[in-house]
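Chain nomenclature is as follows: A, B, C and D, assigned in order of appearance, with residue numbering initiated at 1 for each chain independently.
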Amino acid sequence: MITKEKIVAFLKTDFPQTKCIVDEVGNRSSTVRHTIGFDELRPGGTVSGPVLMEVADLALYVAILGELGLVSLAVTTNLSINFLRKPTADKDIIGKCSLMKVGKSLVIGEVTLFSSGDEAPVAHVVGTYSIPPVG
Amino acid sequence: MITKEKIVAFLKTDFPQTKCIVDEVGNRSSTVRHTIGFDELRPGGTVSGPVLMEVADLALYVAILGELGLVSLAVTTNLSINFLRKPTADKDIIGKCSLMKVGKSLVIGEVTLFSSGDEAPVAHVVGTYSIPPVG
Amino acid sequence: MITKEKIVAFLKTDFPQTKCIVDEVGNRSSTVRHTIGFDELRPGGTVSGPVLMEVADLALYVAILGELGLVSLAVTTNLSINFLRKPTADKDIIGKCSLMKVGKSLVIGEVTLFSSGDEAPVAHVVGTYSIPPVG
Amino acid sequence: MITKEKIVAFLKTDFPQTKCIVDEVGNRSSTVRHTIGFDELRPGGTVSGPVLMEVADLALYVAILGELGLVSLAVTTNLSINFLRKPTADKDIIGKCSLMKVGKSLVIGEVTLFSSGDEAPVAHVVGTYSIPPVG
């Protein structure tokens, strides 16, 4: 199985744009986090929705890399988010992903998002990735 | 009806984080755009999904402001995106929003996303905003 | 291209459970209808949500059959519905489908649902079908 | 708190169309089931998608009734389903619902669907209900 260190190194070279930090990966799951500053806020002094989607999308990607190896060209085909509570403006956003189906061509997973330290989730995401055929 | 200029001024003061540009607003619809550079790309040399979601979310927000006035605290409750084609890495992303329902407490709209100059959409979004009660 | 008559005959033998009627098919689109009686209602005297989903799912299937031929094993992988207005209890439900992407393995389409005779849609659906590999 | 027996009696009088059986309700959750026969199948000899959506929609409704009382006019505003595995044609479909947010006007929950006796889920649903204002 691929290690967290290999995934972190892969993201550093292949996806330098992401600001997400990988906390854990393995067993069809992952935990990632995103620090929150002025750039991540929106009217109302809360974390903007697209930042939550970005954390969820990366959590799915990391869980897939952990399960299938460094399939860099896996792409999101569908992502649906429900916003549950107002995130705290000065805490990290944590995304916990669990894959529900790992098929040959499609992987489906869910991500629950939290403000760091809070038990009640701020959002819930279900996403589908398409996996390119081998070879 | 509220003008495009008032919405642009409102976004400048209340939502300075957004990099989206408002092209048009009115008649329960809007068109917004986002320039694409290195920061907006992902593995495979294409525009990252969260950037597309950001454009869609802002297009919905702008269409709602155009319809209901400067209700800054309208918040997204649900957003679902389907990725249709690979966007071009060096063209603006354009989002065209049309509101399907404008209720007292919920507004639902769809956004079709394009790489500037292409007719085939790169993604399609349906989103719901919750509108705070007046007064 | 496959005709409406062939699709109607195919549904009669392969999917006798469906109560939907095919009105039109072709050009990556379809129109289907479902008559509404006591069995299709829910509390509040309106058409039940699952009936609307059923019409949308069949409209997608029919549009796919019209585009790709009688691929009976095409299966839904994702379907998302937003309810927009209360349907009329004593009018047919009409579903108008338009395919947004016809790929080798995935087809994505949208369906707008109406109470027959009304212009304002009662619901909007986006769905994805997985197409089995040829041979 | 409202009992399962009261909910079953309410469904019998107010929603006689449903074929779902309520197994459990309480603690912001519910379990419902639907027997499967010829009427519930589709091409490929599997349970049709709309039947799965129907079970999920009722599981959400029952969990809401258990939490909020007999609010008959609660209506679905959004429902999104992902199909994960082929259900078994001759086993009941079980839906296990857990509410993620119980707000004043919106309730959001998820439902995992199983073929009776199998541990691997056949589908996953997230749905939103709108709750009518009191009085």
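Everything below uses one rule, namely that a contact is a pair of C-beta atoms (placed from the backbone, for glycine too) under 8 Å apart; a residue touches a chain by one contact, two chains touch by 3 or more.
The shown structure was predicted, so the numbers you read here are calculated from the model rather than taken from an experiment.
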| item | value |
| --- | --- |
| Chain whose mean Cα position lies farthest from subunit B | D |
| From the options A-D, A-C or C-D, the pair that copies A-B, where over half of the contact pairs coincide | C-D |
| CA centroid of subunit B to CA centroid of subunit C, Å | 28 |
| Separation of mean Cα positions, subunit D and subunit C [Å, integer] | 22 |
| Approximate Å spacing (C-alpha centroids) for the pair subunit B, subunit D | 33 |
| Of all residues in subunit B, the ones touching two or more other chains | 77-78, 80, 82, 128 |
| Subunit A residues touching subunit C - in the complex, by the definition given at the top | 77-78, 80, 105-106, 128, 130 |
| Subunit C-touching residues of subunit B, taken from the complex the two chains share | 80, 82, 84-85, 100-101, 108, 110, 121, 124, 126, 128 |
| Residue ranges of subunit A in contact with subunit B within the complex | 14-15, 17, 38-44, 48-51, 53-54, 57, 72-73, 75-83 |
